[in-house]
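Take a look at these structures.
Shared between the two complexes below is chain A, which pairs with chain B and chain C, respectively.
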Partner chain A sequence: MSLSYPLSLASSGTTLVPSSVSTTTRTGKPISDSETFTYPREYNFPPFFTLQRISSTSHAQSQKWSSLIQSYCRFHRLFKLSLIDAVSSPLFHNARINKRLELNDAREMVEFMRKEGRAEWIGSGKGDERRNTAWIWWRNPEEWANAIAEWVEETGQKNTVLTLYELTESDITVSQEFHGMDPEVLQKALSTLVKRGKAQVFGQEDQQGVKFF
Partner chain B sequence: MSRKGVGLAAFDRSRITSAQYASHGNNLRSSHSTSIATQLSVFRSLLQQFAQTHAKDIRSNPSFRAEFARMCAAIGVDPLASSSGAGGKDGGGSFWAQMLGGSVNDFYFELAVRVVEVCGATREENGGFIGVKEVKDRIMSTRMEGGAEITDDDILRAVNTLKPLGSSYSTLIVGHKTYIRSIPKELNTDQSAVLEAAQLLGYVSVSMLILNLRWPRARAKTAIDDLVSESMLWVDKQSDEWEYWSPGFMLEVDNGNAG
Partner chain C sequence: MFSMWDQTSLRTCPQSRNIKCYKSSPTIIPSAFADTNTTTRECGKAVFQCPRCTFENHPSLLSCELCGAPLLSQHIPPGLDNPTVRTESPGPVLNNLPAPGVEENESIKLSFRGGGEKIFLERLKGSMTQRKWLLQGAPPVPKPNRQSASEGGMPLPGSSTPIGERVKTVGIAGLEQRRLELRKNNELVIGNAFEDLEALMASAKEIVALAESFASNGANGTSESNAVANALGLVTTKDMLGSGSNSESLYISELSRNLAEFLTDDARGVLHKAGGIISLVDLWAIFNRARGGVELVSPSDFEKAARLWEKLKLPVRLRQFRSGVLVVQGSDRTDEKTIKTLLVWLSDLHSFPPEEELAWDWQTFGRGVTAQDAAERFGWSIGVAEEELEMAEEKGALCREESIEGLKFWENWIVDGHDSNVAVKSVKSVKSVKSVKSVKSVKSVKSVKSVKSVKSVKSVKSVKSVKSVKSVKSVKSVKSVKSVKSVKSVKSSCTSVRWSRKKPFTQ
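So, the complex of A and B:
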């Protein structure tokens, strides 16, 4: 379950050596508070915070932002990113070198991620209002679905009924990466499993259960 | 020693002498060649022995490796070039490839693959122009713990092994730094001067060039714009005057802020 993500991450950054050794040991477990997020080297590079206008440079920059945003959200277990709040957070504001990514530029980066399938705008309205909040798919619903299905398989829980609460909040999944995940993302993930005929969801709003096949 | 002969017999005599000279010459030649062959085989086996016993050192100890490479160069042997020669395919590569195959050659070839990977992965951000030190740091940072250490010298040798492929990889010195260029592109003197200036602080600005190089504004602007359009400089607009940063500086800034 842990392999698919690090590989896809690797394609956006340095691609030298499978970094799965260090990455896989970290997946699964929710990261403890004592660890601090390690920013990539470009985070301290002043022009990183100015949108580059030359297409190849800009592409390299967007890929670096995409990978930074994904790993930042993954580390802090953020599923939704509000750009208006985020522009004053350390993600988009490097206080040490006093550079920040402007809201509009942050939008462009997330838009780049949307095209990559790593983000999805949430929101209605016109123009930029629509582009204030986004799902950040450091794992997309499909990948979450696979992780859950794999866990169900491994623990031999096919054909048993689990409540959604059990799936994400109880002790039995505490070692899994999907433990504590956003309920809306969980719904999306489960619905892809339902579409594939691998699960069935039933029950009411807060009393939902799921059965895996 | 020979008397000047008169008459027909002299012809015979001279034929005999020259035949004797010839056969003696042949003897000398063949004895020479056998002794040289012996020397060569002794030398070969010794060098092989040396390479084998020290294979580990050659791979793991950068200064030892550099010394070995220098020794080979001093006795007129290039372990890298000779291995790429058209050696007997049936015998599993050339003489040197067989001899050093497990150690020196493979080391540099593997390294060359890494260099190509780094250059490819960073081409968009630096326009195919990257410092040897950055390449080395990137390769080192992705190596496993306890992996063999590599030096700038190793990187340069590895780049040289790419030559027979007819690839566009070459090295180039600007200022006090050596760069690897992975796409064929010439720098004009103004562009080199700008890159050299950017080595000092990591960035340049138009007014810095006007002040320090005494260039007219248009010249400074053109040189910078050219480099920007080649991805060799990144612009930072969040300062009083726009600053143009060398992408190679991404690593160095990072070093100052571990944590």
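So, the complex of A and C:
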């Protein structure tokens, strides 16, 4: 699925375009079917694992890490990242060149992503002990909501009721990116749709259903 | 007729004699003979000139106001008025010899006619300081002889101040007087001692002048005198230039030139040996060592001199790194050149296989270098190498890697296309661009005919017309585009795009 956002919106005739963006190809790395994740070139560059002190270089470094973390999480369908575990995973540890990003530096990178709107710390407070797990928004809830709404539109399921299980686990959505998504993220995505008045969520606990308008 | 008076009291010298200015003239007629005091001279002036001292007295006075000489009466023969026929004045006559050290307010009066008093005063002052009478076989300081002074000669008729009676030196007064004499004696002795010191100073100046001549001869060539001057290390010394604020700045500027010469001297090759850059502290040490421990230059003077290079337009410069370290380098050396040489070196490392197996793709990334490596390679000191590498890092040419092996610097592969344009202010027309890796900001573009591929553009403020763009990977923000004829593909655009007058894009 490939969205050419500025073009499609530009041709829709509006002079002012909202800034919401679809970023399927945002990082320029399509989800590959192959089993190996292709790391960016910088992943093999030793200084990439040292926080840079010069602001311009540091900014570029943060952007590259942000992009790497997002595509890594997308590839592995990770929604939540526990940094303590991740620092020993290949994401932050390149065994080949024997370099790793330290926990604190990894936190810095995720913090940069948070400012970009591509991550969110789980748990309140700002202390380091709280900054161990984060949502990685390789798609943020709003984008997920758009994707679901689009799918509903395409498949003509407006005004039908779907269970949340159906939406993410059943065969009907297997071709969709949101198939198998984290239930919490799904809740967040649906709640933005509810706010927009495009869906209604009812039921309790495991038996929740959703109706799209 | 003009008369000028200069009166000097001679009291500082113990040898001062009691001098009476006395002018005898046979034609003086005592004032008693002057029957009238309404004297007027032939010229009609209401003044009466004293025949002795030529002071122009008021006509009503009977004796001279200044010297006390009796004034002439009217009946004197007219020829006597003429000063040219006056007989030669006799020299001062000593009529009394008071003991030195005895306070006596005796004075001498000198009169000048038609100028000359200034020269006289000058000479008098000169001889007072020179005290030639001391040198010309003068007898040792005369011991006070109170007895001799007690009976002086009779005061001359007409003298203004008769010599007072000598005080008998007995009792407390006597003791006081003796102490006074002693003090006078001591003063004299001390005065002589200081004279010796002054003589020493004078000859010291001569020695310095000699050293200076050695130095200047050295510049002309003879190796011997050159060696002497160098041995003395007195090329620029503080003493040579004396003291005072003016000579202080002269000293600094001379030292500055001296230093620049020292640095650029090919025979020594100070700067060359240090890879064209040397820290100020190192240079200070080398410079003072070369002076052989004589006339060492203080650090503050040294720094002041180094700061003058730029002002004096000398071919060396003082440079301050961000950390505050001061270094000295040739004036032709720039950061850009240094970065260039560093990058050339680093790019060489892509092609030379490393000694040991490296985990990363060294053909792509090259190798990281430590300050030590750079110091060895360019002959810099470690401190300078660190600073230069950090300078290059700051400019974005290098990036750092910290590891257990220490801090290493690499070519900056983190920033994409670090040679690409960072900011383009305005482009009027571009006919065709094949590929642009990254542009951070473009303020205005008037027309672009064709662009084949642009990888990333952070912000574009306004574009008037674009005829065709084949592919753009990412654009963060575009404020206004007036017309676009065809765009083949734009992969992503992040923030608001405001199209004021657009034509449908064709995909």
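Here are a few things to note about the model shown:
Convention: the second predicted complex is superposed on the first by the 177 of 213 C-alpha atoms of A that agree within 3 Å, B and C clash if a C-alpha of one lies under 4 Å from a C-alpha of the other, contacts with A are read in each partner's own complex, and residues count from 1 in each chain.
Convention: a residue touches a chain if its C-beta (ideal position, glycine included) is under 8 Å from a C-beta of that chain, and two chains touch if they have at least 3 such contacts.
This one's a predicted model, so the numbers in the text were calculated from it and none came from an experiment.
By the touch criterion defined above, A:198 lies against neither chain B nor chain C after alignment on the C-alpha atoms of chain A. Looking at the shared chain after the overlay, A:52 reaches both chain B and chain C.
Contacts of A:96 after superposition: both chain B and chain C are touched. By the touch criterion stated above, A:36 is placed in contact with chain B alone, chain C being left untouched. In the superposed pair of complexes, A:80 makes contact with neither chain B nor chain C. In the three-chain superposition model, chain A touches both chain B and chain C at residues 15-17, 19, 21, 41-42, 44-50, 52-54, 56-57, 60-61, 64, 96-99. Of all residues in chain C, those touching chain A in their complex are 359-361, 364-365, 368, 393-394, 396, 399-403, 408, 410, 412-416, 473-475, 487, 489-500, 502, 504-505, 507. Residue ranges of chain A in contact with chain C, taken from their complex: 4-7, 10-11, 15-19, 21, 23, 25-26, 28, 41-42, 44-50, 52-54, 56-57, 60-61, 64, 96-99.
Taken together, the chain B residues at the contact with chain A in this complex read 114, 117-118, 121-125, 127, 138-139, 141-144, 203, 228-229, 231, 234-239, 243-245, 247, 249-251, 253-254, 256-257, 259.
Taken in their complex, chain A has these residues touching chain B: 14-17, 19, 21, 36, 41-50, 52-54, 56-57, 59-61, 63-64, 96-100.
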